[in-house]
Amino acid sequence: MIIDQTIIDSHNSDSEKSHQDQLAYISDELGKKGIDLEGILDQISKFQITIPSWALGSGGTRFGKFPIGGEPGNLNEKLDDIGLLHKITGACDSISLHLPWDIPEDTSAAKEKATELGISFDSVNSNTFQDKDGQEHSYKFGSLSHTDSKVRDQAIRHNVEVIELGASLDADAITIWLADGSTFPGQQNFAGAFERTLKSLEQIYKTLPDNWKMFLEHKPFEPNFYSTVVNDWGSSLLLANKLGEKALCLVDLGHHLPNMNIEQVVSRLIMEGKLAGFHFNDSKYADDDLTVGSIKPYQLFLIFIELVEGIKDNSWSWMIDASHNVKDPLEDLIQSLEAIRNAFAQALLIDRNKLSGAQNSNDPVVAQEILQDAFKTDVRPLLREARLRSNAAIDPIAVYRELDIRNNLVKERGTQTIATGL
Amino acid sequence: MIIDQTIIDSHNSDSEKSHQDQLAYISDELGKKGIDLEGILDQISKFQITIPSWALGSGGTRFGKFPIGGEPGNLNEKLDDIGLLHKITGACDSISLHLPWDIPEDTSAAKEKATELGISFDSVNSNTFQDKDGQEHSYKFGSLSHTDSKVRDQAIRHNVEVIELGASLDADAITIWLADGSTFPGQQNFAGAFERTLKSLEQIYKTLPDNWKMFLEHKPFEPNFYSTVVNDWGSSLLLANKLGEKALCLVDLGHHLPNMNIEQVVSRLIMEGKLAGFHFNDSKYADDDLTVGSIKPYQLFLIFIELVEGIKDNSWSWMIDASHNVKDPLEDLIQSLEAIRNAFAQALLIDRNKLSGAQNSNDPVVAQEILQDAFKTDVRPLLREARLRSNAAIDPIAVYRELDIRNNLVKERGTQTIATGL
Amino acid sequence: MIIDQTIIDSHNSDSEKSHQDQLAYISDELGKKGIDLEGILDQISKFQITIPSWALGSGGTRFGKFPIGGEPGNLNEKLDDIGLLHKITGACDSISLHLPWDIPEDTSAAKEKATELGISFDSVNSNTFQDKDGQEHSYKFGSLSHTDSKVRDQAIRHNVEVIELGASLDADAITIWLADGSTFPGQQNFAGAFERTLKSLEQIYKTLPDNWKMFLEHKPFEPNFYSTVVNDWGSSLLLANKLGEKALCLVDLGHHLPNMNIEQVVSRLIMEGKLAGFHFNDSKYADDDLTVGSIKPYQLFLIFIELVEGIKDNSWSWMIDASHNVKDPLEDLIQSLEAIRNAFAQALLIDRNKLSGAQNSNDPVVAQEILQDAFKTDVRPLLREARLRSNAAIDPIAVYRELDIRNNLVKERGTQTIATGL
Amino acid sequence: MIIDQTIIDSHNSDSEKSHQDQLAYISDELGKKGIDLEGILDQISKFQITIPSWALGSGGTRFGKFPIGGEPGNLNEKLDDIGLLHKITGACDSISLHLPWDIPEDTSAAKEKATELGISFDSVNSNTFQDKDGQEHSYKFGSLSHTDSKVRDQAIRHNVEVIELGASLDADAITIWLADGSTFPGQQNFAGAFERTLKSLEQIYKTLPDNWKMFLEHKPFEPNFYSTVVNDWGSSLLLANKLGEKALCLVDLGHHLPNMNIEQVVSRLIMEGKLAGFHFNDSKYADDDLTVGSIKPYQLFLIFIELVEGIKDNSWSWMIDASHNVKDPLEDLIQSLEAIRNAFAQALLIDRNKLSGAQNSNDPVVAQEILQDAFKTDVRPLLREARLRSNAAIDPIAVYRELDIRNNLVKERGTQTIATGL
């Protein structure tokens, strides 16, 4: 489904007056604080977030799934959906593929189509947490950490193939989320599993093209329920350090134990030069994979304070990794994109000198005032303006609903297609 | 697969000498403390645990499932598996069905078969957390709590049918685990959802046969990730009290927030006369559904201390509710059965007068000594003796492996059958 | 220390122009949505929060305390501090006393002084979690739940005396936070402790004056580390229901297990007509007693959505219960007062009909948009206007610092006074 | 208070017959499994645990403390108490001092007295989490991480003095638990605080005598409630690696977020050659500092499985760090000593080859059987025999009570002495 620019323009013109008033107000308010509106707008516009190919359909739990209909059944349709999202949000110019779910039938055609839609291929993801039909060795008891070298070799080969495919699509990073671990005490030797994983990763690492990175993603539990090999940032950093400078640590916001100070984890990884980027989502209990900013928006803002501080020359990978169990996946993604840019914009408002001053003089009252002043500022006019300037929609959800996109997708694709993914 | 008694007898005779020595030792040790071995053995033997029909196949997570092969493909085969388990453990004389997964083709035949295997039908379970093929209304946004009365009515009818079917099998309780809730703040009005649920439950309650009970099961999250309608024991008790004396509260050990003192919840429900019974399992992080006693055996023991104190005339429902992601389901159940009886036996060893004495004189040191003395006592000879007297196996896992049961089941049923369930 | 109105007025006039611009903007924006500014302002102004007498000095942990100096050494000075806070914030017109820390030497004089400062006496608090010098029986092993009736009687008498003193000050509620519980498994019989507590509370309840309420406060742990008698809202509600209609349940935001959905607890208590009110604070890990809104401002907002929905004729008790380990206690309280009113104002912005519409049509996307639209709205101009109209300061922290209040208090009272409290 | 050997001998002779029967039984049972009783007994006897000087009095919380009486008021009395403990348990031949609480008046005399009691001086602890009277700079906002170099220098000097004092007592390690961190978002720059801490530690590290070690102890919160500088094993390992080979990571069992897999942390630190040792205790909620093994004995056992695997040539530091809020401190320590040795003994029973076999063949059922067989074995006769051979008491709690030691200490020292400590 292609959305014509005139439709978006028409939508925008309806709310433009109101928008300009709001923008003028915040411009004025920020001006009083010496904040340059244009600089902020520029940074927001350039802030592009990758959409994972597996997050375009309905998600579910082990208890079941409730498909919404109109889900993309192949890579082409996935590109279409992201193209559509990018058209109305101006915020997501790349896709992250999950192999083998997304192997293109024709690589050149896929690249061409993506280019037309203004989309590039970001990091590629391997999958050794499921068995595919006809697979020789099972990953039931692990992949890169498996006690049997034949299983490890199979998993290594798969990762190498993913890199090769990614390279053919001009991607430049592989994200490895390893479900490996154990479900019961005694099942696995912790040190042995770590060592085998390291050896396997070294094999994969060696095949990385020069300009490539390897992103390691940690997670404390699920699908294993007692231990995982890459359980926390400490283990992830150990592996990344042992592997070399191309290996970096990816942070998924839902992959932490209760009460974790995630913003400090981010700071540590930046400090060590080992932050790869993010899988953004939100959670109340565990790896809930909820819409970004829907549960703990202040935590998200605190994370962005670290990112803005450390960003300098860094080019980190920004991606959403959410599951859409009850929302329309595309609407959910629009809300996540908005939440991420909202937190980013608010973090940009902070006067770093003032904050440092409060920190150096141990004045937590003023430090909190500075943070909350930014957080309480209604930056939505900035996000709308950034979209307007990118020819995207002032209110993407409204456009999405006005155009009745989901029903059109259902008509196109049927109610029964189920997107590959979780 | 039927196991001949002579095989078990032969297995038992091999280890009988060693067993009798161990039994004599513990009999002697307990005797010194004035504990009557025969009384304990009798209670252990009578302690029978229900096996859920859905826990006989491999479980999984949203990330996938690794079937083990030889899983029971229909109710008959499920009865066979439980018959086999009961034969070698003497500890599980009933099955709990999940509808619609387990609708028998022929009720009389099912009852007859069960009787032959020494198995009765315990509580039946309704399922409104999944949509079945051809179902008129979806449960995506709830069932008994749904905002649309048509969906609620459909869910009520389903529950009533489950009761009817259960009654035809001489079951006498329905367990309602309600996945209803919300995944995002604002999605659901808490009070409205609670009220609608209560009204729906009242409709179902009215249809309960005289001798029936209704068990309500609480759970804080999953598959909903922001709120659930029956989230904790407080909400469960509120509903049970409003419904009437046939409504009771079921405790699943994995359905609690981190650090919860579950044994105190059990005490509260007993105190209020509202404990229904248990779904036993174990967990490290969330609703992990691990083998009973595999993670926190001391907590299990503490729960049994409450149960032994409150048990008197009560007849509670004891059931396992575990998921077998990496273990052979039948071996996993054998380990769970053993863990439950182990905790029960240890709790029986406690001298209640002594414990009350320590409690009344505020002597936590002695109270701990009393508890740990029981917990550190190796009661396995008692469990073995109880099995021996029930013509079951001294070492059920050993028999299971000697007879190569899994491979025989695979030969019988193939590698591809997947048991209905989660 | 008394702040002259002219000082506040002068401060306000400096920022009035800027304030009026901001107010005009939000007034306009709200007007577009059909929201009546004056109605909101009126509700904000009337929203008064009680200050606990024990939160005016530096707090600490078992590892130590770092007093800030100038802390109020007696009830008079505590009244002065709250008077000062009320003067500059217009948001806290009452004090909650903790006995025996705050027994006035002269009740009439205390009342007179309070009246002069525009302060009334809100709920009074008993203390049976510490031993006072010369106390006959120790509370080491509990008070109202103690196994020894002499200890229980002493604790009952103390509570009765607290009520009597409170009545003499025209307070109309007693808050009972019971530290009773156990630190080790086996130490306490759960049911016995609950029953004894109930019996003790009944004795106290009987002495309540007609217009009085009894507030029960639950907490899962600390200072007891295994169980507490009033551990969660379920236990609190059980007690309140057994006691009678004067008994209600108080919610302290830090008294919950990790990940608890506190807003749902609030809804349950409102639904049952048993919500007493709040001890506001914030926490990241446990009962951290941090500044309200400093960690999870969105959760606070969600709680206020429940409150605004249920508020009708209810008159709930709003109180701060924070500990000031690193901030100036008065500045900390100013920030808490602001955070509470901020969340209240945002919750008032929600269009209840729209929200119900989204809920009834199971539209979590729109429900979230409605909530976040309110939450992202910068309502600070409303809070400032409410203060301005109450002759309080537009920016209380700024006034506090301009007037160098802490240093003046230190000069008045010295560096060594330590306020009674925790 | 000195206990005469004849008293212990007499106590032992009363239960010797019963003990020998039990020992014979377990000896026989272990023999069947090919386990050498004498080897195990030898390892148990040599397993000596350090007692911290600050754990000999009653502990408390910020809500108060209930002293038991007879607490040791100075270093001499602390040595006496540990001497007494060692006499009846044979399990604790060293003390860990906390400076400045335990500065000896006369170093030689202290060493002499310790030698007489069979006690040596283990690691010494610095204290920069409290302000001492007359201290020039406050640690309210940190010590080694403070933004002000004068505060850091003061804290560095204190640590150096602690090392000097420790060296004079033949100790060979300093344990640094750093309370530094922040209580509110924004208060502290994470990276800045880490860097300053590292720089400060480097200054201290440089002064370490050749044979000394520096132990770093991590903790996620309390007394700071938002972030800590050394928050988890990852941060601790980062610091230790940057400092050098003398720097190691100490694990306190209560210093982890909910649900943490601590045994895996232990494995990681052993794998990296950076485990210093332990502060043993137990907890249900947070840093509860409960008696070792009183809440999660199976977790303790799993930790010991890692330790026994990794122990080889390592000499780790074993220490208890508990707080005694409701138990007699000395009885509490006796129970902790027993729990530690119990877990150690059970871990020694595991057949490592069998376990590796189960792990290599991915057999979690058998792995669990192996672990639980050891855990269910009643090893208390081994612990009693180890004590008997050390001329200690078969049943230390019984001896302690028979001799009415607490009351004698109260008579000697009064009810009002309060031990320095927490």
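Each chain carries a letter (A, B, C and D) given by its place in the written order, and its residues are counted from 1.
In this text, contacts are C-beta pairs under 8 Å (C-beta built on N, C-alpha and C of every residue); 3 or more make two chains touch, one makes a residue touch a chain.
Please read all numbers here as calculations on a predicted model, not as lab measurements.
Asks: Of all the other chains, whose mean CA position lies farthest from subunit A?
Replies: So the farthest one, by centre of C-alpha atoms, is D.
Asks: Consider the two chain pairs A-C and A-D; indicate the one with the greater count of contacting C-beta pairs.
Replies: A-D
Asks: Averaged over CA atoms, how far is the centre of subunit A from the centre of subunit C? Could you give it in whole Å?
Replies: Chain centres of subunit A and subunit C, defined by C-alpha means, are spaced 39 Å apart.
Asks: Round to the nearest whole Å and give the separation of the Cα centres of subunit A and subunit D.
Replies: 43
Asks: Which subunit B residues sit where two or more other chains touch them?
Replies: Residues 140-141, 183-185, 187, 220-221, 226, 258-259, 261, 284-285, 291, 294-295, 298, 326-327, 362, 364, 368.
Asks: Please give the residue numbers of subunit D that touch subunit B in the complex, ascending.
Replies: 18, 22, 25, 29, 32, 258-259, 261, 284-285, 291, 293-298, 326-328, 331-332, 335, 342, 362, 364-365, 368-369, 372, 375-378, 380, 397
Asks: Spell out the residues on subunit B that touch subunit A in their complex, using ranges where they run on.
Replies: It is residues 59-64, 66, 129-131, 138-141, 179, 183-185, 187, 220-223, 225-226, 258, 283-286, 288, 290-291, 294-295, 323, 325-327, 422 of subunit B that touch subunit A.
Asks: Which residues of subunit C touch subunit B once you look at their complex with the stated criterion?
Replies: So the residues of subunit C in touch with subunit B come to 140-141, 147, 182-192, 194-195, 220-221, 226-227, 231-235, 237-238, 257-261, 263-264, 267-268, 270-272, 298, 302, 305-306, 355-356, 358-362, 364, 367-368, 370-371.
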